[in-house]
Structure formats: structure tokens, C-alpha cells
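Chain naming follows the written order as A, B, C and D, and within any one chain the residues start at number 1.
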Amino acid sequence: MSRELSPEAQKEFDWLVTRYPQREAAMLPTLRLIEREFGCIDPEGMKLCAQLIGCSPAKVFGVVTFYTHYKRETDGENVVYVCGTLPCALRGSDALADYLCDRVGIGLGETTEDRKITIKKVECLALCDQAPVCQVEDVDWLRVSKEKADEMLESLGIPKRETAGAAAGGEEKRS
Amino acid sequence: MIWSLLVAFGVFFILTNGLPPALVYAERKLAAGIQNRVGPNRVGPYGLLQPIADAIKLLFKEDVTPRGADKFLFSIAPILSFVPAALAFAIIPFGNYAGEVRLQVADLNVGILFATAIISLGAYGIAFGGWASNSKFPLLAAVRSSAQLISYEVVMALALVAMIMTYGTVRTEVMVLAQAVPLAETGPFAYLPAWGVFQQPIAFVLFVICCFAENNRAPFDMPECEAELVGGYHTEYSSMKFALFFQGEYIAMTTMSALIVTIFLGGWHFPGMDVADHSVGMGILTILVFMAKLLGVLFFYIWVRWTLPRFRYDQVMRLCWKGCIPIALVNIAITGIIGVLYS
Amino acid sequence: MAGPATTHAPETPSQTGIGERLFLPSVVKGLLSTLRHMMFGESFTVEYPEESVYAVNKFPNDENRRFRGEHILVKDDQGREKCVACMLCSAACPAVCITIVPEEVDWEDRDRRPKVFEIDMLRCIYCGFCEEACPCDAIRLTPAFYQVSRTREEKVYDKEKLLNDDPDDPRGKYQSPIHPGK
Amino acid sequence: MSAPAKTVETVKIKVNGKELDAPKDQPVLQTCLDNGIYIPHYCYHPALSISGNCRMCLCTASNAPKAVISCATFPAEGAEYTTESEEVKKLREIILEFLLINHPLDCPVCDQAGECDLQEFSFRFGKDDSRFEEEKNYRHTKKLGTNVRLYGNRCIVCTRCVRFCEEIAGDAELCVRERGDSNIIDTFPGIPLENPISGCVADICPVGALFVDDFVHKTRVFFLESTTSVCNMCATGCSINVDTWQGEVQRLRPRHNPDVNDYWMCDRGRVGYKYSGAAERLSRYEVGPARAGSSAGDGKAKAGPTDPPRSTRAPSDFGKALAAVSDRAERVRREHGPGAFAFVASAWMSVEEMFLFRRLATTLAGAVPGEAGPATGILAVADGEAWTPRVGGAFKIDSDRNPNRKGAEMLLLGSFISEPFSVLLDRLESGAIKFAWVVGGIPDFSPMDRFRDALGAISNVVVTDILPGPLSERATILLPAASFVEKDGVFVNGRGWAQRCRAALPPPGETRTELDLFQELLRRAGERERVLSAQGVYAELAAEVGAFADTSYKTLGALGARVTDDEPAEREPTGREAAKR
């Protein structure tokens, strides 16, 4: 247990705990706190959280892996979340994920060598009416077609392919 | 007279000792045919020597008497089943006259009565064999057999009563002669001989059923039903004692067939034959005719065995007491009434 | 069926027709049927050893299909036994002649195989239940039947012997991929 | 039972038209199960908290618009529940189809097959086909800890194991990781499932996802024959089932006994049968010549660890060995009197054996008024580590590693053994002892050096033991013994709870059980007429020993009964009850 919270963070944690009826209920904000402190949530961070909350590390592990939006140590700078739940799946999220991976040159769940981009398949992003949906750094990309995917990747610094058609239809962008 | 006896015994011997092995072979071949098999074909051409091989094997087998068995009864049981069957054959006229020779061993004036009396003795062989074996399955078989034989003898006798009323005699020779006339003076039946089967079809059917039952042949093979009683009354027998039982069974079958032929199928007579012709040629012809009829009935025996399944024991008894006996009695009554009306 | 246990089922009163009650028409029918077989029926007997059971084609559409001879263990396309040692065959075996000891393997598609697989051919009654019970099509009964041996021990077939795929062997030639007639 | 009689508040409900009195704080599912109405369920376990995630126990309720899960529904006065309607059947079919979506069809290689709820419910309640055509998910197969193995593909994520680790074992090593269809049981990286009762997760796993490593790929459960028995590895005395096949113990399984072990047993006990099937088991009666030259006084000097090697004993049989025992005892008694005898019992014997051994000792040694009686003692293994779950559940592992020390205290202390063990050692070393009978029956037993060496110098040493070891090496007459899976008898656990141990297998080779052995010797000495079964011996014992009075094999039944009053039998709450407080 080498890791410790900084005094300010510790203070924030102490305040957090008081807001919940049970200590364990403060787990999610505590994890956010740790994420902010240490940049990501790695096993050491989980152990610290478990220690602070007073539960077993396995429990924290379960919670962290359940929520995809905690930044893990394996994640790159930008994480592309591709929704894989039913409506998106029906509208071709599999093909979309494959396309993205193909463009970036990595597999699903992997990170580029320069640690810039990670592509992840996640459960529902709560935009089922706009399927298929991707999310990059709090920006939702709705009804993602190939062209739109190209546009999205461009925003992450990956240039469009020469052969790709110029028809860009990215009017539905929401932040 | 001497000649008569010699010829008679010659035929008798052939029938009683030569026929059983042949019948065994025929039975196996016919069964195979019915079941789309080949049958014996290893020993000799077409397996013809199979019966001889069987006989040799039986001769050389160890003769076992089970511990606890009644030695005396155990030994005489096979003889008791063999002898009466052969003995009853004596009254069968297996031909007319060959010259002076009467083709019948004994023309008794009690004829049929002698036959039924003697055949009934066969039950002792089975009963003794089953009891003397000191084994439960043979005993059960013996009990079953006794009950069955007693029951069916009643029917047989009743069927015969109708025939005796029809022919007006118990002498077998006279019975044959009585069948050697046309069935009717004129009309379509004039071409049929007056065989018992045409005069008394019901009695014929009853008698045939009784013959099967008396011989313990399928579908009435209660005493030796393999599935329930292992081998029946001869389970404990081996070697020649077993062979005697076996032979006795086939001789009984032959004797019964001969009775059927004599009483119902016109005996040695065939339509268009001159009964008064006592030449040797005609005598031999009558023997051949008799043999042909006999083999036909034997074939029927075998045919039925490989066609019909065995009755259950209660069915056997019900068939006898609730089926055959009432019918036989009614048949006698009708025969009597017709007899009174036409006399 | 109330009352004490009876030895026979009660007679069904359905046999009403006089013809049926007399039995005779049925008897005649049966007699004619057997007569037909006797006169025109062709023999199905394979006269072994003059005739070979493998060569004879008495049943053109049913080539030896129903014959149950000695077993083989089937190999998969990689030459490994298909058997996963689930022991359902030994559970189904009425003669209790199959001995299996499972073992763990780290194959990609399965993690279990028989370490020991023995069939005691002297106890086997060739009922084919093992073949029916097998969920993996791993054991089959071949038409091979005239396997002889000089000792009892030889008749206990081990895994190697059962996995035989020698085309010259009467059992081995029924090894995967194609079982003739199956 | 010993649970304090509490008035249970009940309400009247109707299930399938049948009126039931339902305890108010008990889920409808449990009430139905108690009343013989079976509702299929996976995630519900009576000892664990309610999770309600498998949805298998759906039933319709008159007071709810939609079907409810009966495991998390508490009875309302007058409510009607239906568990067998067409609707419920349809729901079950759908739930099962859903649970089977990612379940592989590997029943042939799955060791759970035969006692798998998924298999059984699919057969009883499931659809005959599935509409799922896509590819199945693959999830990890790994060892969660030294004893437990996970086949992730087969998991239906009922989380019984997770709740067990949290509520019963208390260390919460397991969690459900990921989400959706990649949901899987896992441990925190680097913290394996290593609590002392981890094997129980395999017992409660309703499907073939978790296994005790010891049982994987061993046999099929439908071959196993179960014998109810009691675990032998510590004074907790868990109720168990001994599962055997082909004359070998295949596994031990805990058996529900609310007064002893609830649903659990420890990992150490789970493999506690191993020694009974060991290849080196003693299975032959052996008789050697009496050891010469141990004259009084210098026995101590002569004692050496290499004393009589096994080879001096010749193979014998039951009858001859017993004759040798009685002959030599007779001679020693005539020449030296009762003071030359030593009898050492073991805390691993059943109470019946102790009872008989006690009687046999007085018979063999005889008694001369005014003279010293035989030296007596009792062998036991040293205490191990006790274990109590951090959350304070009902299940504990006793520090006492002897299964029947309590029974030995009740039967032997005072009446048979009146001196401390050190006195026994002194008498053994004094050289006055000419005949010693030592009952071992303890696997991995290493007696103290003094005891071992002293035995090596005594002229007649009869040893009754299971495995070869320091005791059997020093025997002049060796009598093989039966292990706990091979004998009938009663064991009294540390809290005074007597339970029956039943023979699941015959003893190896020509071995006869000690029960037979002692009785046969008594019979030859004219002390009894017949050799009785364990039940008969227990009846004699109950008539003679006060604490066991009014008990019999019948009253002990499958779950046992309390035979001592010196400790209150307080049953601690199970996980759910504890959580509810």
C-alpha cells in the first residue's frame, strides 16, 4: 500500500464520505477522486480505494470494470467508445467497430503504440434512438456512418483516406 | 399269414424308426424355408446326413441320471413314451391287399378304441419323466401335460364318437372301405369320395386340434415350452433316453397322422380305385397313396408349428373345455339326429 | 386393474366377430403367409465362411448397417481421439465392460480425454448402447466380428487398439472419416 | 433443535390454491420449498443474502401486476401466488433460453453434469430449442485459488460464490467483473481465492462453473454413491457425504446440518479422505516374536529408534494375530500382573471403540486389588490453527485437530485414564511394562521421541494403525485398522454434538474394523457372546455411560444430537441473518 492520497484529496474524501449513509456508497466519487489524483485507475488505485472505503479490493475491481468511463491504465489519451448494445448492434455497430479498428490499425480494446487512441466497445450509451453511437471524450457521435467515422477520427488526428468520399454529413454533432 | 406279418412289420419298422429322423430333417428344412433361412446344409449334400450325425452324437453323449432322481421311473419313462405311440400304429391299415397279404398289422375288432387307449398311455411317459427327474421345471411340465392330455382326450373321443356313428363301426379297415364310395349318388357331390372330412368337417377340425394337443405339438407344446420351462419334461434327460423321447414324439405324430388319414382322408383309398382288386401292384399303389396322404398331414403338422404362436396355458384349457367339448357334443347330437332321420 | 395382482391381463372383449373367435380364418391366413415364405421367400442367410459378410450384398439398401461387431474409437481430423471421456458409454453399458479413466489435456477445443479406455470384448454383448450414448460420435461398432485371440488378455482392447486406423485391419478400415453404411 | 424457540410471525397466503402459513420475514420461495412446492432457482441460497438476479423463481402474485421473483418477495396477508400456470411456465422457458445463450454445450466434459441445476431445469422447465444463432461468448477459464477452478463459459453469474465469499468466508475475494455479456467472476489481480473454506463455492455453484480442483476430471457424479458421515479432520465434525465409486472415495461434500456446519466444510477436511486410499495402507496382520532382553530397569538404555524392523514380523491372519495377542497378554498377566500393561487409546477412535477398548484393557490386564493397574494414556495430534470468518458467521474451524477428543474425555478420562501422559511415559520407560497396546489411526502422526523410543524397548507392543509410521515400526504385533470412511461409529465434536459416521467402503485387504477386533478378543476371553454391530455396541454404551443415556442410533439420526451439557449450544446467525441485523 504504497500509494496515499494527497492531503487535499484526503480532505475531499473525508467530506465525500459524510454525504452518504454508508461508507461503501461513496465508492464511485472516491474512484473519480483517485482517477483525478493519479491520472487513471490502476490496481494500486483500486487497492487504495478499497482501503479508504473499507471493503475488499475485489469489490472495487468489480465496480471499476463495470463502469467503462473510469480511465484505466491501459487506456490511451483518447478513448473511442463504440456502443454495442442492442439498438446499436442492430444498426451495425459491429461493422463500425471493425472499420474503426481497421482505420486506426489496432484491435478492439487495444491502444495505439503512441498511446493516443483506444477503441473500446461499451454497453449502452443511452442514445438508442440515434444508433449507432460513438463517444469520444464526452462528445457523442450519433448515427455514425463510415464518413462520419472518418470525420471523427480526423478530429483525433488521423487523416482521411484519399479514396474515401468527400461527402461529409456531420451536422448531427452534440456535445 | 407270415408274409402278411413280415410286410406289415417291414412297413411298420420303416414308419417308426426311419421316419422320425427324416421328419426331424424335414422339420428343420421347412422351418428354415418359412423363416427365409437355409437350414441344415453342412453334413452331406443338402445336409441330408444331419439326422445321422445327430443320432451318432446322441449315442455318444453321456447318459446322466440326476442325483435324487427315481432311477427306475427315470429309465422307463422314455420307453413309456415311445412304445405306446408305435403300438397304436398296429391297427392302421396302410394299404389294401397285396395278393394275399393284408396290409395291416392287426385288424382288431375294437380298432379305434384300442388306438385311443394306447395313445393315452403316452402321457405316463411324460408324467414319469417329469416326476422322476427331481427337478421343478420337468415336474411342472409333467403336470401341465397330464392335464392337457386328459382334457383333449375327451374331445378326441367325442369327435371319434361322431365318426363311429357315421361309419357304424370301430374297425379301421371297415372305416376305410366306408369312405371308398362317392359322397352322393348324384349331383355335384358325386365326384367327391365319401371321406370323413367331407361327411364330418366339424369332427375333422376337432380331431386335428386334438391331435396337435395330444402330441404336444405347437401351438399346444405346453409341456416343453422352452421359454418358461427350460426344456419341459425332458430337461434332465440326455443321450439315448432323450433320443427315445424325441423319437417317441415323432412316432406319436406319425401315428396320429395315420389316424387322421384313416378316419378322415379315406385311408389308402383314392377315387376311382377298385376296392376288390387284390393284386400286388394295386397293393403297393395303395401303400404309396397312404404314404402320400400321411406325408401331407405330417407336412401340415410342421407347417402349423412354424406358423402359430404357442397358446397360454389357460387359453389351452379354455379352448378345450369351453370351445371344443360343447361343439363336439353338439356335433354328436346333430349326427345322431341326421342318422335317425335317414335310417 | 383393481384387485390382487393377476398373472394375466384381462381378456379384451373386443374380439367379437365369430370369425375372430373361431381363430380359424386367422390361422389359415397365417398358414398362407408362411407358405408364401416357404415357396417364394429368398434366403437371407450369409453362408459364412464361404461367403464374406463384407462382400455379400444381400440387402442392397442396407449394407451391413444393422450388424454390430467390434468397436473402434474414432479419430478427429487431427488424428486425436474424439472421445472426451464423458463416461456415458460406460454408464449405458449393460455388461459393464468399458473402463475409462479421464485425463486433462490442454487442447484448444477440449480439455479432457481418456487416459485409459478399455473395452473387455469378452464381456461385451454388442448391444450398441455405447454408440447410442456417445455425444461425440467417438465410439462406433464396426461390422468386424471374427477377431480371434489366443489369450483372454488380448480381448481386453486398450485405447491404442481401439484407435486403430490401419486400412488393412478389419476394424481399422471403418475409422473416420467415412463409415461405410453410416 | 437448539435454536431458541421464537414465535414466528406468520401470515396466510395461498400458493397454487393451497393455503399456507408463511413466516413474515421469509421469502415466498423458501416457504414454498419448505411446503413441498418446488420453484426452480439459481441465485437464491438459504444461507446467503438475496440477490434476485437469475429470475428463475418468477411466479405470479395476486397483488402485483407483473410476475415477481419469489426469492425477493415477502408474503403479504391474503396474497395468492401461482407457480405452475402457463404464464409462469412460459417465463421459465424464456429465462432458461436466455441463461443458455452463452452457455457452452459441454455437458460431456463438465464434471457438474448430473447434479447441475442448469441441466436439470433445462430438462424440466426449459424449451427444447434455442433461437440463438449467433456466436457464443468466450470467457476465461482459470484457477481462482489453489483449490478452486473457474470455467467462465459455463457461469450464469448468479453471484452465489461472490456473496459466499463476502458473507460467510468474509474475505470477499471474488467479484463480478465487466458488464453485459462479458460479465464474469474473477478475483482481484494478485489476490487469489485463498480462504480456508474456499471449496464451498464449488458446492453452491448451481452450474459447472466452479470446481474444487481435487474433483475435476475424476469421475462422473452419476456414478457416485453417497454415504452420510462425519468429517474426521478436526473437532468441528462437519456433517458430510462421502461419495464413492469403484471402491474409492472420490470426494467429500458438506451436508446441511444447521447445528454443526450449516452448509459448509473447510478445504482441509475436503481432502481429508486421501490417506484412506493411500497405497501404503496397512492391510495385513503381522505377528513377530516378543522382544527379548528388556529386563526391568535398563529398558531406557536399550531403546533405539531402529528397534525391531518390520521384517521380524511374519504375515499372519486375523485369527492367529488375535490368538497371539491373548496368549501374550495372558502370559504377561501371569508373570507380571496388571501393572505390566499399558493401554494407549487415541482421540481418533469412535466412542464405541473407546468403550470396547476400555473394557478390553481391564479384561486383558485383569485386576489385583491393591496393586497398580495398567498404565493408560491417550494419543492426540497437536492443535492447529483455529479459523473464524471475519464477518462472524456460524461456521468455524476448530483448533483441535482430533475428531473425537470430546468423546475420549467423556468416556475415558477419570474412568480409564487417571494419570497424565507424563506418568504414562515414565512408566513406559521404567521397564516394568511388558505389554503395551497402542491404538493409532491418526494419519501423519509423529509421536514424541520419548514415547516412540520407549515403545521400542517393550517386549510386546501391539499396534493398531492405518498407515505405516513410527508406531507400526515398533510393533511386535501389528493389527491394521479401518479409517473413518470404512467404519461405523459415533464421533463427538468439540461442542458435544454426537454424530454417526458410516462405512462407505470395506476396509482394505483382510482388515477387520476395530469394532470387530475388540469384540472378537472380548469374545475369546469369554466376556461377550456375540460380535455386535456398531449400533449394538452403542446401545451397551448408552446404557452404561450417563452422558449418552437416552440416545441411540435412531435418535442420532442423520444430523446427530447433543450429548453433553457443559457448553451452551448457541448457534450463530448465518450470513443473511447477520446482514439483516
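In this text, contacts are C-beta pairs under 8 Å (C-beta built on N, C-alpha and C of every residue); 3 or more make two chains touch, one makes a residue touch a chain.
Bear in mind the structure is a predicted one, so any value in this text is a computation, not a measurement.
Q: Report which of C-D and A-D is connected by more C-beta pairs in contact.
A: Between the chain pairs C-D and A-D, A-D carries more contacts.
Q: Of all the chains, which has the CA centre nearest the overall CA centre?
A: That would be chain C.
Q: Taking each chain's centre as its mean C-alpha position, how far apart are chain A and chain B in Å?
A: 102
Q: Using CA atom averages as chain centres, what separation in Å is found between chain C and chain D?
A: Distance between chain centres: 45 Å.
Q: Would you mind pulling out the distance in Å between where the CA atoms of chain B average out and where those of chain D do?
A: One centre to the other, that is 76 Å.
Q: Would you mind pulling out the distance in Å between where the CA atoms of chain A average out and where those of chain D do?
A: 50
Q: Where in chain A do residues touch at least two different other chains?
A: Within chain A, no residue touches at least two other chains.
Q: What topology does the chain contact graph adopt: line, ring, star, complete, or other?
A: line
Q: I'd like to see which chains touch which, written out pair by pair.
A: Once each pair is checked, the touching ones are A-D, B-C, C-D.
Q: Give every residue of chain D touching chain C within the complex, in rising order.
A: Chain D reaches chain C through residues 106-109, 113, 141, 216-220, 222-223.
Q: Show me the residue ranges of chain C that touch chain D in the complex, using the header's touch definition.
A: Answer in residue numbers: 84-88, 91, 102-104, 110-112, 135-136.
Q: Please name which positions on chain B make contact with chain C in the complex.
A: Going through chain B, the ones touching chain C are 30, 32-38, 41, 205, 303-304, 306-308, 312, 314.
Q: Report the residues of chain D in contact with chain A in the complex, numbered from low to high.
A: Residues of chain D touching chain A: 165-166, 171-180, 186-191.
Q: Under the definition above, what is the set of chain A residues touching chain D in their complex?
A: By the definition above, chain A touches chain D via 43, 46-47, 55-62, 65-66, 68, 84-85, 123.
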